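Okay, so chain A shows up in both of these, paired with chain B first and chain C after.
Up next is the complex of A and B:
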């Protein structure tokens, strides 16, 4: 049973990590709490559904197009709704909530509330210690690790990464040094939304596409980010796996209370915050910055 | 001049009273509120069934109410009950007070229907439920008849009978597994979404499975909107279950079927999976829902009686899909409400209740008769059993939803065998055969 718990936990955690990294990135750099983050993930899922089922496009191509399209939508939304009010954090929060609900309603109008699906990139399963794991799940796990490595490399090894980190450290000084802070924030937004769309492309074949599919991941993603320390990528990654494992523990140890897995995960988050209000890696991240 | 003003005032007052207070049968049409989650498949079923009924009735000139014919006008009320209880109660209030509906059909989620039922009862409007299964909706009638007598169950039969039918399906499939795969004692995993209508079924299943000579392998209660159940599936497989008794009415039904199919979990799925009742299930699971069995109301080519095929064919022709049980708003209007109004010759709710509660009529899914409780009090619940309503057992077989039960079913030892027209044999999934065949 321990093997089952560990494997299930790692798979669940990867899904949350994929979502949380993008959210954490835009918060860490631009101080934007983008509640619409998982709504972009939902829109990407619908784009893939439409391309594969209505237009007959190959799933891989559909995913690439969806990621590009959703990133573009994200940038337009940023320019129109977020950038003009960026100085007011509460207003940004409310604007992104409105944005998420608007996207939900648009999808509801176009596709109705029917439950839809997108094809898996790889079908079949693998047995590890007698535990069956779908190839698509393994792909999610691998992609989560790759994405983290990619984001780390972007931040540490590129000029853009240097600009992003400088801006995150001190916006005014970065401006004085000649960096276009607004453009850096916009590019970070593009990367963040692109990551949400990528998560949609990888995760959704395991799940169901519907207009409200962004809500549950949003709660879990927020829990992950708060648990790990707001703005800390490392924290988000570790937090995601902690909550993933907690969910698995609930399913295996209290099967009658499997529906409580989300609540238990959130309770763990609260418990950690009571002991360490800045989250697991909050302080470490401040030092990193 | 003063006198003229007074007369004018009285005339205006009379006009106002006549406009607002005149009874519905003073109007030219009968307004039927169709309430349900209209952006979702359940609400679409409500609306489609009602539309078909209204078109048929209106094509014949309407319903005979006393000496005049009255046409039907449908009022669409979006309850949005999956997401908001407040939306549901507002929709009901709006349908009654603003649109002045005479009758109501629909409702899906028990938690919302209980609240909507109270509003309909406040206004003494006949409300035929076409979706919620909890027995409480009808026990309220027995406990407080004067208030709740305007409620009638239209479909499905209550969750205790749903459970009973599922147990028969389970016993049937259990016997097939035992015989074909030489399994000495079949182990059953109970997997039920967390929802109110499921609670009595889980309790009943837990007690009843051992009585059927099977063993409970465990009980899992995922969220109704869970997006990942692989942990549950791992645990079920670890528990050695040969069969999974499912009770799903929401999206988790697709997630569960798809992931179980993807992982080739060697356990036969039997029970209720509302999503598996729909034509879209095959695509929604990307074909991974093969061999899933679910209780159902209609399937292509399966007939309960002479009314089934005309209704199903007409529905498929108009809406390009097989009706699900919420489309029984059709039967609620055309076979229940309309003949009752014609028999009573009035739209007066109290007089209609007296006629309706004693009616017995054929509908496309069997025969309807309203029941009483053990103390002889009216429940306005539906009679279950051979000759009345039994529902179907349907199974996805290579992209097609086939009727597999009742197949030579005997309700009791001495009862005659029942097999509906169009029923085919149940199929065991090949990966289950591979796992257990010795």
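Up next is the complex of A and C:
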């Protein structure tokens, strides 16, 4: 029981962390609240399903192709619909909502609303204290951690990461220091959508694929981002695991818990905000006046 | 007789001087006439049903604009007010046997309470934090609704409510007159001193506070006003559909409200109302291709935003009207000089 809770909490937490970091990156750099973020995650899951089932590609190859393809789709959507209206924040918001709905409907048209699934990459399980842990779960968790480490390295150790962090800190000054703000925003969008696609790829063997699968992660991701503090990677990371564990605790321990899992996680977020309005590790953004 | 003639002539002069001079006012006048006299032309129940729902959602979209457009407190959980209004009036009607005329205002008061409850924690947050936090509240309430199905009916909702009135036509008049009245009240609020303060809070909260105005109180006021109007919309919806279900609390409901308001143009009140009157019937008539309906909706919104990011109606208004550079009074675009100060327009 306890191990079940921990395992599912850690896996949910890592997926939320992947999503939340991508979301807070693009928010920090370009001030875009990308509602379509988890829609990209859904599209990636569908791409993997299509490649493995319809075309018979090896799952690992399918995942890599899906991540590339979804990143490309993300960049095209960004260039076509979001970049031209960047200065109108409300319009950007609606554009991303409309994008998410459009993607959901396109997937609904192509694949219908059926619940689909993708086979696990590795089969078999491990037994710890009489509890079965599938190798797939361990693999998902390990890969997610690896990607998170990769993102951390990208942000802290490379020149691109430096540009991203400084643009997030102060857009105007970064621009004055010779960073091409729109190119940085473009690159960040690519990284952010890529992370969403990665999250889709790691989670797809463990979950069902359906056109509305982006809704719940979207809400949890936003809660994680707010809980951890917008623009703080450490915050997103810690917040994701807190909410992931809280969610699985509720599901396993409370009767009717499956209905309440969102409510409890979101209530935790609100309680934290009552004490610390800028989130656990929030950095106050410069007042934009 | 002579006095009546005098007042009629005066009314006509005011009408000519204030309404007929600006095409946008003529459009609003024609809109009032059209919705009020429509049942004389046709009593098709299906058409009336669409227009009733349109009016209800117009109130909802306008109330979002009052809060989020004017004070800039982006609310992503507007479905909370709608749902609280709907569920409260449904439960009061079903268990306490209060007729719709009583249960809808009580539902609206419950929504005001909800606005105060979420307003107090939310007012410490700003901008995107606020938007993302407000998104959480309807979902929390939805979890509670699902968790206690004995009271709320769970997934099926509360059904079997009283009708709004005896016939479809009187339903229509109740909702339409309420819609016109409430939207006018909202527009008047935004035009008053309070409205000016709302504007100022959006533009620069710090400056407003420096001017000695308690911004927290005004933001709470905006939350409760908006909750009141949205609660009325929720109560009307529950009594018209005769069911209050969890669909009133869904995330997509909150998002749809935001889409309507931004599509029509925020900070206008008339924008969201116009947008609902355009988008909702269009979406209804697209039911011939049910599978393409939402897709076309999303694509249309994406493309319209590309060309008019400030919203459709303000864009149209700027096409047919021009602001005088000297006295800031609006004129028809065809005029060469300002109608008040005769400054040349260009």
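Assume the second predicted complex is superposed on the first by the 270 of 289 C-alpha atoms of A that agree within 3 Å, B and C clash if a C-alpha of one lies under 4 Å from a C-alpha of the other, contacts with A are read in each partner's own complex, and residues count from 1 in each chain.
Definition applied: a residue touches a chain if its C-beta (ideal position, glycine included) is under 8 Å from a C-beta of that chain, and two chains touch if they have at least 3 such contacts.
Since this is a predicted model, take the numbers as computed values, not measurements.
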Legend entry - Which superposed partner A:120 touches (first chain B, second chain C, both, neither): first
Inset, instruction - Return first, second, both or neither, reflecting whether A:4 touches chain B, chain C, both chains, or no partner chain. - result: first
Inset, instruction - Applying the touch criterion given at the start, work out whether A:251 contacts chain B, chain C, both or neither, answering first, second, both or neither. - result: first
Inset, instruction - Mind working out whether A:15 is in touch with chain B, chain C, both or neither, as first, second, both or neither? - result: first
Inset, instruction - Determine, under the contact definition given at the top, whether A:85 touches first (chain B), second (chain C), both, or neither. - result: second
Inset, instruction - Kindly classify A:55 by the partners it touches after superposition: chain B alone (first), chain C alone (second), both, or neither? - result: neither
Inset, instruction - For A:108, decide between first (touching chain B), second (touching chain C), both and neither. - result: both
Inset, instruction - Identify the partner contact of A:223: answer first if only chain B is touched, second if only chain C is, both if each is, neither if none is. - result: second
Legend entry - Touching partner for A:210 - first (chain B), second (chain C), both, neither: first
Legend entry - Intersection of the chain A residues that touch chain B with those that touch chain C: 108, 256, 259, 261-262
Inset, instruction - Using the touch rule from the top, collect the residues of chain A that touch chain C in their complex. - result: 27, 33, 35, 81, 84-85, 88, 90-91, 93-95, 97-99, 101-102, 104-106, 108-109, 215, 218-219, 222-223, 225-226, 230, 256, 259-264, 266-267, 269-270, 273-274, 277-279, 287, 289
Legend entry - In the complex, chain B residues that touch chain A: 37, 39-41, 44, 82-83, 193-194, 218-228, 230-235, 237-238, 251, 254-255, 258-259, 262-265, 275, 280, 283-286
Legend entry - Interface residues, chain C side, partner chain A - complex: 74, 121, 124-125, 128-129, 131-133, 135-137, 139-144, 146-147, 204, 206, 251, 255, 258-259, 262-263, 266, 291-292, 294-295, 297-299, 301-302, 305-306, 309-310
Inset, instruction - Would you pull the chain A residues touching chain B in the complex into a rising list? - result: 1, 4-5, 7-8, 11-12, 15, 53, 108, 112-117, 119-120, 123-125, 131-134, 136-137, 206-208, 210, 212-213, 216-217, 247-248, 251-252, 255-259, 261-262
